[in-house]
Amino acid sequence: MFLVKVYTFPKTGVLDPQGSAIKAAVSSSGFERVKDVQTGKYYEVRIDAGDKAKTQEIVKELCQNILVNPVIEDYEFEIMEEQA
Amino acid sequence: MAGREEAKKLGLTDVEYDEILKVLGREPNYLELNLYSVMWSEHCSYKNSKPVLKRFPTQGPQVLQGPGENAGIVDIGDNLAVAMKVESHNHPSAIEPYQGAATGAGGMIRDIFTMGARPIALLNSLRFGSLDNKRAKFLFEGAVAGIGDYGNAMGIPTVGGEVYFDDSYKENPLVNAMCVGIIRHDKIVRGKAAGVGNSVMVVGAATGRDGMHGASFASGELSDDNQDQGSPMQVGDPFKEKQLMEACLELLQKEWVVGVQDMGAAGVVSSTCETAARAGNGIELDVALVHQREKDMKPHEIMISESQERMLVIVEKGHEDDVKRIFEKWDLEAVKIGTVTDDGMLRILENGKLVGEVPAVSLAEGAPAVKRESKRPAYMDELNIDLSKIPVPADLNKILAQLLDLPNIASKAMVYRQFDQTSGTDTVVKPGSNAAVLRIKGTKKGIAISIDGYGYYCYLDPYEGGKQVVAEAARNLVVSGAKPLALTDGLNFGNPEKPEVFYQFEKCVEGISEACRHLDIPVISGNVSFYNEGKDSAVYPTPIIGMVGALDDVNKYCTMKFKKEGDVVVLLGENTDELGGSVYLKEILDVVAGPAPRLDIDLEKRIQTCCLKAIELGLVSSAHDINQGGLAVALAESCIASNLGFVGEIETDLRPDTLLFGEGQSRIILSLPEENLSVLNKLAEEIGVQVSVLGFVKSGSLKILVKQKEQVIGIIDTPVESITEIWNNAIKWRVEK
Amino acid sequence: MRCAVIKFAGTSGDGDCYHICKNILGQPTEYVFHKKTFAPQDFDLIILPGGASHGDYLRPGALAARSKVMNSILDAAKAQKCILGIGNGFQILLEAGLLPGAVLINKNLKFHCDDVFFRVENSDTPFTGLYKKGEVIRLNLACKYGNYYADSETIEQLKTKNKIILTYCDENGNPIKEANPVGSLENIAGIINSEGNILGLMPHPERCAEEILGNTDGLRIFKSILQYVEGGKVRGR
Amino acid sequence: MFLVKVYTFPKTGVLDPQGSAIKAAVSSSGFERVKDVQTGKYYEVRIDAGDKAKTQEIVKELCQNILVNPVIEDYEFEIMEEQA
């Protein structure tokens, strides 16, 4: 079994209303040193696909088809092998 | 076996433990003890409140289902009926306002569709500390978003509600939700495990460890050590609930469905023992068959988990696969966990092995009643101060502006805009008037719904306050053109073990009962929430009344906004010399003193009869009841809503501030074309109600001259535009600050 | 006009759309469950209703856009059938790639329900034939993710090709920022595809189509489609 | 400047309705090998705080006070130094 950690975040130029709101809240609560907040999503996906290469293929397809909306989001992922 | 010490740890008293020994004739084991602990908690057993609740009038020709089921049902004619219920989720919301409020709404909705009714409207009643407090603001924003997201995702419109801010609720907010559904008489389903040999099934979400001991948690005060109950917070899943609702409504059309029960507090154990007890039967079940979300769950965990979005369904033997097929269509699971037996026992197996066995009825109804001591709180006598010593302020315009800027009076649009108010396309009158009005498709009929509560009056005088809240809810329906039919209550109080709190509880219930009897409005369902306390003190005694009324012709609904320049504006009822308990005294002059305004229930009834008749006859352009903030605020609200103004002279022998801001009860403001005035006068005379002309609708400003013996003793004169600005933004500005 | 109202998992606006087509317009109307399929010639109008399909989980419309029934909708789109997506239905069309762009959470992060003003930017479509170009109408908005976004190239195309159909405006028709409660680019509230047969709208015309509800501005959307379908004539694209 | 990547995810035992719904939708669109989906949030926070130790302190506080809902979420983070 492979554990895949997928991160998504707003594409450059795309508005991030939540990030801006958090940034504003943060600055007014005394966290002056926080200069920027961007929000995205995090998924932990477990895939049962023999090997890492195959897993990678599935993850890519999964992201492009469902998990990520390419109009507004970019993504990255990491694959880790898990003991059964 | 589990002994007395174990019982104490689970919150059972000595008396209760002895009762368990007596019922079983032996020591209970740990599983059994857990069952009693949750079922005999106040939340499930009503052991503190039952004797008092007996005072409510619950009968009437319109009542199809009174208290005791998942929801009450009232007839609205033509084979149609309305199911309704209020429920609180105060303690979970104090810890995690978003999820607490969301799951509260979810539970409420389940209670309605469990009866076979399709939910058509949600309302809510909210109380928080003042918005200057950061935590209060967090709780407020979280609860509003939680209720909104859940109801919005379900596609059930939120059509009304109320919000108050007061520091008595700072640590322990109140989050009550109400749901209303529509059902045909012949489709009503009850929560009964009838028919020996029939199958008992769990449908919907899988069971996890979330919300274990939630019922006991709701039955104790909030404190640092019970904030962490060791079991995970419940998270709402409106998508699953929507699927569950559709599946259940489809299922409930089938004649082979015997009974259905929502799994709310105390999950499997409450739903099985209650359905069994209602039918005088028993149930044998195997916990291993319950579909589970987590590993290695113990029998007691499965029995008492409060995982959301689940239901218990009892069907005729042989129809299990039919149930499964329906739930599969909606992508949900349905599993048989047991059968109905004739021996009255709740028998629990784990993989076929007996692990617990107790009489179902003893769990459901056997909690030893607790007789609580009741004592009139000393503060009540200290509240009667001489109000005539308070000087009359010079600038009454300023006072009006200050009142309109109070979050408790200002527009709640900032809240209800976050709720989908129009899904279902039945909402005729949306939030922002007196009561919501919904049409019923395929008929001429409509229903009106309101939810009201006012802790402050109940604090000053629990009996009068109890009467007043019923009267106000009914008044809100009547001014909308509806005849009140029945109510559901949400009784929110502090720790009933404190005699003063118990006194408040008893007296409020007495007051409510008295008003119900006189106004002919039975109580058909409700909820009690005790132990609402902060570090030092209890919340204001806060009974909430949710009420439904009917309009034979929905086109005849009425709203509070002025309609036409030149309409004459009249007062139905009389201005009284009552300044006590007013928002003006409390918030502007900082005098928390009584007495609360009195309510003459017979006068109230005549006023309501007259108002309703006038609306039905089509005499009236607008109607609005006078409430917090008094006459001046009520006029201002009608101006703001319509963007029209008012000009009038009022002759009085009262102080000008009492006239303008006093909160004397049983008063309604009507506007109407002048040519209808004589008919109205005649009607009022027949019924025995006073009508006096206040002035006229005129665009531009709100202008009131208060006169005593021809002398002007007070003036309100303000552009409608400027009070609108204040009233619209009071809450928004405080939240965004 | 044969109407189909799609029932996605968790959708709630299906009944509202059915009511308009069946009871108000008096047209033959059917629900189509998301696990079913249909043929393009079965219907003239296909409505993807509002309401949070799949609980709005992942992204609004994202999971519904992968339902089985979408294959039939794609076929119907190719066959030039009229397809109307309302609220969540609009989001599903975006997620399915039948309309360009995407939605973000509203600028204030909150659900927004209110009657607001819109300007009809293009009345030369099957959906808006009965409105006047530039007309200001009032419709009910009820959404949390109505903040339309597309890259600048797409926006440019929408503008030059007249594919923006509704914009947020004040009561006098000015498309000012303050009149846009969601924060969408160019105040966009509704767009149409380049072939002109697929319309996506953030507001709910079906909630504003009956006298008793106090607003009938939305009814003409449905009547326009009816006229277009029954008239059988293709108006200028 | 430090770039901090924060991930949040549901605490053990807390329901993850999104994750289950995504999992169900994903499986029925042909991704049979996907066995589990859990959802969380992802933040990229930029903090200007001299050193890593100080940054860590700020992040912890930020998470506990604003980014994370401790009643239902757990979190993890990584700190990376960024060139100005």
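Each chain gets a letter, A, B, C and D, in the order it is written, and its residues are counted from 1.
Quick note on the criterion: a residue touches a chain if its C-beta (ideal position, glycine included) is under 8 Å from a C-beta of that chain, and two chains touch if they have at least 3 such contacts.
Keep in mind the model is a prediction, meaning the values are calculated, not measured.
Chain pairs C-D and A-C differ in how many C-beta pairs they share in contact, with the greater number at A-C.
Measuring from the averaged C-alpha position of subunit C to that of subunit D gives a distance of 35 Å.
In terms of their C-alpha centroids, the spacing between subunit A and subunit D amounts to 9 Å.
The centroid of the Cα atoms in subunit A and the matching centroid in subunit C are 30 Å apart. Centroids of subunit A and subunit B (each the mean of its C-alpha atoms) stand 41 Å apart. Shared interface positions of subunit D, defined as residues touching 2 or more other chains, are 17, 21-22, 25, 29, 39. Shared interface positions of subunit B, defined as residues touching 2 or more other chains, are 237-240, 331. Counting partner chains per residue, subunit C shows two or more touched chains at residues 54-55, 57-58, 63, 66. Every pair of chains in contact is given here: A-C, A-D, B-C, B-D, C-D. Against subunit B, in their complex, subunit C makes its touches with residues 9-13, 15-16, 19, 23, 35, 50-52, 54-57, 110-114, 140, 142, 144, 204, 206-207, 210, 212-214. The touching residues of subunit A, when paired with subunit D in their complex, are 1, 5, 7-9, 19, 22, 25-26, 29, 31, 33-49, 58, 61-62, 65-67.
Across the complex, subunit B meets subunit D through its residues 95-96, 98-99, 205, 208-210, 231-240, 293-294, 307-308, 331.
Residues 10-17, 20-21, 24, 69, 71-72 of subunit D touch subunit B in their complex.
Residues 58-59, 62-63, 66, 94-95, 101-102, 104-109, 147, 149-151, 183 of subunit C are the ones touching subunit A in the complex.
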